[in-house]
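All chains are identified by letter, namely A, B, C, D, E and F, in their written order; residue positions are counted from 1 within each chain.
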């Protein structure tokens, strides 16, 4: 793997993580992380869409004029989302039931569009695809982590219903760590989503500081 | 006698009893007097004497220069020992040009202008000229040349001269004593000033905590129907002129305007007494009453001090220190400035010298603001000190300016009351300084911009002329230009 | 199926046309920012920012290609107004405020070469050929260009003197009980 | 009448777009550093949500439903939103330059604000009539604006606080959002009452 | 003497943060002692645990942040937060309720913001609401007063079992008035009828009712509040506007439809109205600073309390109302700054002619 | 020139729309069958929890009819038959809970005895009211076998209200809503029995779609 791809991977998974560093794609991050399984599922779906649309945008990038850039990008993302939606509904129905309303919302999830603008619209096909894929993977990672923390503290389980998402073979992942009524309910309610995300950003900072890196202070479009 | 409420304010411990019953005593003439060229707001005075000159008491030794300025006079007779840089009575301790007079002990009067027999038929302009010539500046703190203020009468329609006898600062009793001991002179001076200003009415405002002064002044004023004496509630900073005006007339002076725009001119009682001396006897402003007080002073006192005596002279006169002073303050404890050196001289605006112990100051380490809102409630100017300070702390001076930091009169109420002991006023002083600097800088850079433009135009013109000349010379210059290009 | 494809295509064409039209109407606007920025700069064309002069710096700023902290003569004040205008955070950490300076000519060293006079953009240097030169402090904005051209090192930059007139309180020190970050 | 009031309260407060439904969070975290920008963003978004929801309602009722094109919903809605945003920009610029000055910079951000699409999809899910849909969209965006402005006020305050370095910036923003969501839980169960 | 660090003033009031907090503690004392007596040993245990936990968490956070621990603890703010937090918990709640609430109050709502004075939400109320939302069962387990040493009151040993073993005897549980009226209403029993079952006004004023550990005695809380006003720690603006607006809106609706809306007096003397109005909503840090702002804040609290009590899922809304208004405080602050001297409320200089007020 | 530009933007977007529209349409065609099959499965699945599959040999969805319930809301009544005999009915019932409406599916046999009840959708508080969910507790299972007369009508209440059903600790509103809904559902059958088992009525299946 060349250095360039290494950076793409590291950026996507950690340094420039969509959720923890760029603060994009916040909505699914909050809404779909009341359990690790949901986070994982949402992350995977998003990753597929991101990889596919990055690929397409990069392919067509020379044909798209400045003025219609955004609508075309949106159209591409929306089509990919619909595609995923239809296919999931038809062939991965259990997962579809879990992710529900939020699959259509991948369309306006700011993360794919931001990556299309920032990367795929300028770079060749393969790196774009990699960027989409690993940004999506980083997104999945963050969502799963947030989901795990919320699930453990809020309901005392981990990866509950993972077998519905991934198939019966993954039953082993489902864990019951404490009695469900001992959990701090708030953690799986809206306040918990914000709280855990905030704390994970702090956690990332601490690790970064320990690794001798500078703290990233802002989100992607914090100065408007 | 209807009074109007003023906003906010505080009730600090006044501790006036330390000096209020001490009659005014005269300071024995010190060995040397240090007379700074600038004891007032405006341009410094211009020296008229040189080293070695002999001067007599009352002789003008520096004359005013510019529209807003005031002359300085020799406070006693003696020789000019030096004209040099001496630390100013100022927290920075920066030096300023000072005339040092070695007293000869004779205290010999020089030639004085004649006294004006009946000021009430004299042309106001002449009265003003006399006041200007006598070097009188406001003695209530700001030290603004009094004659300039008297000139307002010619520009605006005025109806009231307000005598400020509030003396709201803790400790200070000089105005109190002055009113008790020299009421007639004050009243006479006030009438002269009213004449100069053209105001038909004089109002005297005295805080309720000076009942004797109020009584004596009322008695002294009884003969003159144009004069009214008001006792105003004890509420710091009642002595601030805008607030005193509001308390007595109910009028609120608009921001960036003067009380004179409402037809009211405010003067300190000591200022009017100085005017009395200048007009009736031709004597310039040579001495003032200074309250020396504070728990670190052995015997607090009200001292008639020649301008130019050093602070150390006053303190020695009071028997020195009985305790370690935490701060030596020039003025009252609320608005006064810390003195960086005891060698600094007393100037025309010095109303008090306080040697304060740590217990009296009662300052504590700063803790975070708990947003108690006290500062907001008590700010007499309706500001939000906590917000202004927070923005200044984060270097957002422009926001603090928007919140009105320039409107702050530095009365100190907020700092006094803050339970977290945040140096609010210090933040504001800092911000005001920086904002003033920035202002000066923009003005300078505007000037520089125009200078640069002028230069550019000049250069362009010159280049144009050169080109024209070149073109005029000979068309065969073609090859020459080519050569030039190669070399360039 | 054909309804689907058809309606989507029609929508695409219409919207595309609309956006094209929009782009046309929106494109005409010229960037007024540059002018405004130029107003904010000192205007002395000293070139310390690394650009030819203030206009070029302003142009670069407007395009977002230059850092706002480059103008030395403008100091913190200019950085702050630029930050505000451009809606960005001024990072003053790297910017060391030296305080205002002006040039000072050591008259003993001056040989009257007039190089500095030609250099000064505000005519702040007085003197004539072969004669000693002096600086008019009020007109000098401390760009230090003259310092650089002087063949005898007769020009030094000195801080503007603190006097009673321009002294002010320093910012209070950070409170003792406040935070060690 | 009463159900419309309930619908609006529920949309604005109880099921607040940001704090309960988790929509539009990127702008919530991104453009709330100052109150005036938050107000601007709120106004612009309110306008776009209301208008595009009305259009989307029309598309749903007259195109998608009759021809069973449910699967094109996402694509058509988002195209309409993108167009509505651009169109708004055009009109505002023509009609009121001062308003454009105020809202202009926010408009492009709105296209990718999932609150807009989210509200439209919720409308379809709720099968509301036109008036209900319009009111719902409007109330939802008012709730959005309210929270944006509140949050911006809080962040302006925080800009003056001595936040520990590890928490400064986004983390403290999340914590404030969390506590705000906690406070809004006080309204939960409101529609039932 | 040559380096002068600070400008004036050179005299200061004797007011300090520590003294302020201490005075508040003093003002809380009568109500606290009376209620501890009323609810007996389990309440005393919970009270100590909660305060202890708050102080311990504060100390931990301070040392994590590298700040002077002893010096900062002595500003008593954590103690006060713990105290008020304890007063807002169900009196016989198990120990972990107090500890967890303390963690959320101090480590979540206070220190990430930078500690005293920097937080934007009321720490005690954050602690209480997090617990309420997370553990609704434990947080709505009320008991009737069992005064110390009276018959039927738990002794120290039983108290340990209640607080540490979670063995709250079912027989002792009791609904709170607000909760009772609310559930009855939800099954169609009009307020007018269910009102017969709640303790009468006199009992509720004195404090003989089920409720949070420190909220029941309106009279003693009022006493403490008046003491604070006398000491000028708080002003009348917030308490009066909270209670006034609550009373007013409740009374209006009660007049219109007494079957659905309880009376103004009932709202005043139920739940945490008094404690909230005098001690919670008045928290300096999280309420507006100007008097005008405080009135707006108070009215907002009052209306929200009524709204939540009547229409939302929770029987009581003081904590939520306070938190919601905390969230609005910065904005209220910005729009209710006092008028500057000599300027219009917009900040322009006054016109000369209009100088007269 | 400008005009052309505008057109070309339109064309670009139009072409993309055309392409992706086609892609989606094709995908829809490919998936449509599976999707409706899944939807049917879903329906049957949830039905099977309230009407055991052993009880019928017909397609419940096909034989469903649409009726108006007592609030005028349209509900689908699924009917199970075995060898032409009606063996069971399933329909949606609604209760009001703590967080709003609770949607349940009630299955009964022809005599009005409960075969099973399941919560379909609710917004009750997790950890408190959500114990009505079969996944979270067995509370909902205890209704099987009961009917309007067993227990007697006046005992169809939670214990707190003097009935026979347990409430959850700290949550009475949810169980009260559920018990009330079931009771009303049973009463609905009692009142509309004739119509519900009439096989001449128009079928609902034609209207089934997404």
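Side notes on the structure shown:
Note that contacts are C-beta pairs under 8 Å (C-beta built on N, C-alpha and C of every residue); 3 or more make two chains touch, one makes a residue touch a chain.
Nothing here was measured: the structure is a model prediction, and the numbers come from that model.
Taking the mean Cα position of each chain as its centre, B sits at the greatest distance from subunit F.
Summarising the inter-chain layout, the chain whose CA centre lies farthest from the centre of subunit E is C. Note on chain placement: the centre of subunit A and the centre of subunit D lie 22 Å apart, centres being C-alpha means.
Subunit A and subunit C have CA centres that are 42 Å apart. For the pair subunit C and subunit D, the distance between C-alpha centroids works out to 40 Å. Annotation: 86 Å between the Cα-based centres of subunit B and subunit F. Chain contacts: subunit D has residues 71-72, 75, 79, 82-83, 162, 164-165, 167, 171-172, 175, 179, 182, 184-185, 188-189, 192 touching two or more partner chains. The multi-chain contact residues of subunit F, meaning those touching 2 or more other chains, are 8-9, 12-13, 16-17, 20-21, 24, 27-28, 98-99, 125.
Each of the following residues of subunit B touches two or more other chains: 91, 367-368, 387, 423, 426, 429. You'll find the chains touch as A-C, A-D, A-E, A-F, B-C, B-D, B-E, C-D, C-E, C-F, D-E, D-F, E-F.
Contact residues of subunit C toward subunit F in the complex are 1, 4-5, 8-21, 23-24.
Residues of subunit B that touch subunit D in their complex: 368, 387, 390-391, 393-394. By the touch rule above, subunit C contacts subunit D in their complex via residues 3-4, 7-8, 11-12, 15, 18-19, 21-22, 25-26, 178-179, 181. Note for the complex: subunit A touches subunit F at residues 60, 63-65, 67-68, 71-72, 75-76, 79, 82-83, 86-87, 89-91, 93, 97, 155, 180-181, 183, 185, 188-189. Residues of subunit C that touch subunit B in their complex: 42-45, 74-75, 77, 80, 84, 92, 100, 121-124, 138-139, 141, 162-164, 166-172, 175-178.
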